[in-house]
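Multiple structures follow.
There are two complexes below, and they share chain A, which is joined by chain B in the first and by chain C in the second.
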Partner chain A sequence: MATITAHGTQEVRQRRKPAAPYLLLIPAVAVLLLGLGYPVYWQIVTSFQEFGLAQQFGSAPPTFAGLDNYARIFSDSTAFAVVVRSIIFCLVNAGLTVILGLAFALLMRAVHGWAKVVLQIALLLAWATPVIAAVTVFRWLFNDQYGVINWLLVKMGLTGFRGHVWTATPLSFFLVATIIIVWMSVPFVALSLFAGLTQVNDELLEAARIDGANKTQILWRIIMPLVRPVLAIVLLLQIIWDLRVFAQIKLLQDAGAPIAETNLLGNFIYDLGMNRNNFGGAAAVAIFVLLLTVVLSAPYVRSLLKEDES
Partner chain B sequence: MKRNRLVATTVASTITLALALTACGGSGTGDASSPEPNDTGAAEAGNITLWLNGADTPDDLRQYLVDTFAKENPGSTLTIEEQSWTDLVPKLTTALADKANSPDVVEIGNTQAPTFTAVGAFREITPDFFEELGGDNLLQSFVAAGDFDGKHYAMPYYFGSRYMFYRKDLWTAAGITETPKTLADFVDDVKKLRTDDLSGFAIGGQDWRNGISWVFANGGELATVDGTEWTSTLSDPNTIKGLEQWQDMFKGASNLPTTAKDDAYWDFINDGEDGSPATGATIMAPAWARWSIGDLTTNDEGKTVRDGMADDTKFDIFALPGVDGGVAPVFAGGSNIAISANSQHPQLAENLMRIIFSPEYQKMLGGAGLGPANSEYVSSLGDDKFATTMIETAQNSKLTPAAPGWAAVEGANVYEELFQKIAEGGDVTALAKEYDAKITPMLNGK
Partner chain C sequence: MTTVATRPHAHVSQAAPRRRVLTPRRIGKWALSLLAVVVAVCWAFPVYWMVLSAFTPNALLRSTTPRFLPTRGTLSNFHYLLQSGSGFWPALRMSLSVTLLTVVLVLVFAFLGALAISRWRFKGRKSFILAVLFIQMLPAEGLFIAQYKMLSSVGLLNNVIGVSVIYTAAVVPFTIWMLRGFVAGIPAELEEAAMVDGLSRTQAFMRITLPLLAPGLVASGVYAFLQAWNEFTVALVALPSQTSQTLPLWLRTFMSASASRGIDWAQVMAASTLIAIPVIVFFLFVQGRMTSGLVSGAVKG
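Presenting the complex of A and B:
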């Protein structure tokens, strides 16, 4: 803060400073409280209650259950399996998405003219496709009877894929899910990173080249450190998004899959709350996911804040 | 509010007045819960909403309800909203509990009804009103599904049952000229019919709704109740016998994926629209599936449709035979209908129920191939082989356990999972034990 010399100015500032910023904050805080605060409050309260269908219809009052919901859920092997599965799925997907996104961004930087335009349009279209439409297309691609994938594999001589059901076992189910989710998320990462890459000064690269740096060195020593803040942000966002993935899994499950073995956290919460009417338990898992998101993203947020300061 | 009531009173026709007066005489406890007790007895004018599920109720029946309701309740209107069967339980859970926006009358799967009656989601059908709607003439097993604690809540809407549709030409070509007399014969026949391109019996691995017929036929039960405590009985020796017979048949007769559900089976026994041959010789489906089966023809509107099995040398039906002959007990399909406890216009909702249970509408249900709730009008189904087979199988049909947690078992796809594992060749005894432990607490709503 600049040192203030004139006594009068300081007085004026002190009087004005408290009011204006806080006034400006009111709308944002109000929207947050209304939109997020109440649901989160309700969620926390419910997670400590015995809340089922009877409570939903008001035929029995909710009773305080302490940590019962949490204890019951996390002593259950199904819930533990879902948590592990979700974290692995989230990290694999976020990692793959960012690696592929970076590759596309570098490709966009390397190509020019019509190739660049085609690439950008293709990415934008993939990004603009609504989830339900995208999953439907992939469901047909991987359909056991009429799917192009099975047809191609059989044509290539792999006759074992005749009538192969991709969603029948958890591993191949998640393979398909990963393809869909990565396909849908790569454009955002690629375009963000591409925007970051355009900020890299050409003179800097030229100077590096003159100093005798080869292409690999330029990529890792010059370009990567410069786009690191963008990379960190998109990776953080991707981890948060992939942890709460719901629609893609639900729609794929509808195609016929072993539900309990393919549930991720989002689907597990939905199943617990909406199908099994255990709203208290569902709220407890939801709170856990919130905490998990905080834990997973904390290192990134911290490093982002540090970079902001420096 | 006051103005509305005035309008309502003035416009109410004699019909409405008469109907509403009967309603008042009948509903002792009902009036107390209605939001605006009415001095004159006429129902307050308003718009009520009816939820029907899937495309099961044909359009002309829906139109009849809307028109008749408007005619009999001047100033009031009926809106019908179609819901999908797949997401019905979550939707009802949220919508029925919403005091301001609850639909007034809802159709609900017969197996889902007990879950909602137990928590007070529906308005009571008083004994007098129950008599008015048909009383003892109503299908008793469905009435029981909608009862709780000795009171009526959900009424039967229609019943259906499942039987076998088969390709007579393909069966004959394989040297089988007689329909099977016992369940074991059936299993042998469909196994003999199977080739790499043809399912002898096209049934999906997750299709437990058809699959439980094998359990029932072998004398097994899914669950039993002692007082109010339900126990899943998959490990019962008879249940295991049925599941093992089904497993053996699935492996030997069906080419469908173990993940396939009860979905558009007619695609398998129809010849393709491009002339490709059928990929299934037999399917099990509800009676109304007939209209999706047959050779291609053009209807009055110029659309290409199936002819409803006109060629009886090619397409035919039979009832699934029992273990010792006769007819096997199949899963009783169908649905119930109930008034929401949170309905803003309970009297209008009751008026709608009167239309649904009127002889005219009951006969229309029968005419559309849906089993009417009132047994007096079952003859409206007709007397051809489709009607007689449907009535014969319906008389032998069984419902799933009327446990408070049954809708949760269905909603969480527990039986789909179990049947997929059995279809994949899992050890039935071990699976039965594992799933008994999962299902018993769910049945009791825990």
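Presenting the complex of A and C:
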């Protein structure tokens, strides 16, 4: 691409100052190498090493262990459970987020102008709330004694929820975590899809209506195919983002949850590295997460590159 | 924006020009508008509840029936937090130092990088862009243990510089990508014309290009601010000492410190509010740019 578009003034510039772009990139490349490059390098090396407590305190040098860390981690039932749990959690959350986001985007299109603005403001408020504040306020909402949720459920006749501790069992822990993550993520999806929907040509819909298409047909045969590219991208981004829900889980575990049964990939890495000093194992799981992210990101990166070429 | 949603139904009002006849379609639209308001109330409620609880005395929060409307507001929760003993001020200072350093580094580095990739076609440009796009997707969770080891080996744990470098590396890729669009929107010819008119290259840059870039720089700066201000994962490992905590870490400690005697939710909500308000304000500035930057490729494609 660079060779095709680079002519005229660009070429003159190139001949005059061939070093300039490289010089301009030095600071960015340097900080990337320092902040991300070296950690990735260290991680790859460590994932092939025996690196535990003894190495941590310098009493023994790290020894080469080949694929031992990978083999040990992924044949371990705890790690396997974490991977399965993370993938299920990720897919459920991404799916729910995109379905609700799409519903809200279609809703915004169908309602009066004032109602749309009200909904947009509410979504922006949720989107803008920092993770720490969001988890904290949801812990308060789901508080066993004074929380609004338990009060409401008891009010509705479900007296079993009086004093119910939501974080105590893994299933209800993940229910609360899902509510938090969906609440935080839906605004981005809904507003992006709404932006995509505004690009749908109204004359096209009018034409379809004149041709006798009913509402359902218009939605599935015309609107959906037109927003499918945006839909695919937001679903992909949600899947990638929902694989990395360390902070929400960690902060929710503070409320008193069974740690081992509620750990997701990020928390498992943290646990291995910071609590058990098994840096080799932590590095191996982290490399797995990084590779998974790169593979999943490829279609998204391709769609962004298309934008650069245009 | 507001006109778009109503347009598909425009022919309805043409069919029934003056009189407000309740056609099924009109009723449907009102019902959906009502539904939208209900959804909006549900979505805004946690934020409302946070702010309301922050202004309520804790004793009142512990009543059997929650009060949903403001009564007997108090500032005492905020008073308590703003006293020296709560640890809010040191955490605020830490958060501000880390955030400001990150914003400055990100703006300078990303601006230079964006200039390079949008004004020049050079060997390695495409690989650089590809690398940048992949790097911006990498999760902190896949790197933070390694970053912790790196910082501890050079003695930069609990240090503003150490954590700021990691934040800068995490934020620079997306900001380069975001600024690239702004730089590309300013033709180089504009600068050259000014130089023909007698300005030096620096003058032309300062007087012509920089003012035109201001919106892009503001959006990038706010984005970097939000990322650094909200960051929890890296901070948790890179700032282990209680004296060097940023605000999110402080809120966590503050909450667990009061957990033994029953969490004082009024104070905790006041603390959450203090952390969230600057973010919400800044966020409203940058929101439009972020959505379009993330999905514009898909919308156009």
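Here is the rule we go by: the second predicted complex is superposed on the first by the 250 of 310 C-alpha atoms of A that agree within 3 Å, B and C clash if a C-alpha of one lies under 4 Å from a C-alpha of the other, contacts with A are read in each partner's own complex, and residues count from 1 in each chain.
The definition used in the following text is that contacts are C-beta pairs under 8 Å (C-beta built on N, C-alpha and C of every residue); 3 or more make two chains touch, one makes a residue touch a chain.
These numbers come from a predicted model, not from an experiment.
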{"item": "Which of chain B and chain C A:144 touches, first, second, both or neither", "value": "first"}
{"item": "Partner chain(s) touched by A:210 [first = chain B, second = chain C, both, neither]", "value": "neither"}
{"item": "First, second, both or neither for A:295, with chain B first and chain C second", "value": "neither"}
{"item": "Chain B versus chain C as contact partner of A:254, first or second or both or neither", "value": "both"}
{"item": "Contacts of A:274 with chain B and chain C, given as first, second, both or neither", "value": "both"}
{"item": "First (chain B), second (chain C), both or neither touched by A:156", "value": "neither"}
{"item": "Touching partner for A:171 - first (chain B), second (chain C), both, neither", "value": "neither"}
{"item": "Superposition-derived comparison: chain B or chain C, residues of chain A touched", "value": "C"}
{"item": "Footprint overlap on chain A, comparing chain B with chain C", "value": "254, 274"}
{"item": "Touching residues (chain side chain A, partner chain C) in the complex", "value": "1-3, 5-6, 9-10, 13-14, 18, 20-22, 24-25, 27-29, 31-32, 34-36, 38-40, 42-43, 46, 104, 107-119, 121-134, 136-138, 140-141, 143, 145-146, 148, 151, 183, 186-188, 191-192, 195-196, 198-199, 202, 205-206, 229-230, 232-234, 237, 240, 243-244, 246-247, 250-251, 254, 265-266, 269-270, 272-274, 279, 282-283, 286-287, 289-290, 293-294, 297, 300-301, 303-308, 310"}
{"item": "Chain A contact footprint on chain B (complex, rising order)", "value": "86, 89-90, 93, 96-97, 115-116, 118-121, 204, 206, 255, 257-261, 341, 408, 411-413, 416-417, 420-421, 442, 445"}
{"item": "Chain C - residues contacting chain A, complex", "value": "1-8, 11, 29-30, 32-37, 39-41, 43-44, 46-47, 49-50, 53, 61-66, 105, 108-110, 112-113, 115-117, 119-122, 125-126, 128-130, 133-135, 137-150, 165-166, 168-170, 172-173, 176-177, 180, 188-189, 229-230, 232-233, 236-237, 247-248, 251-252, 255-256, 265, 268-269, 272-273, 275-276, 279-280, 283-284, 287, 291-292, 294-301"}
{"item": "Contact set on chain A toward chain B in their complex", "value": "52-54, 56-59, 144, 163, 165, 167-168, 254-260, 271, 274-277"}
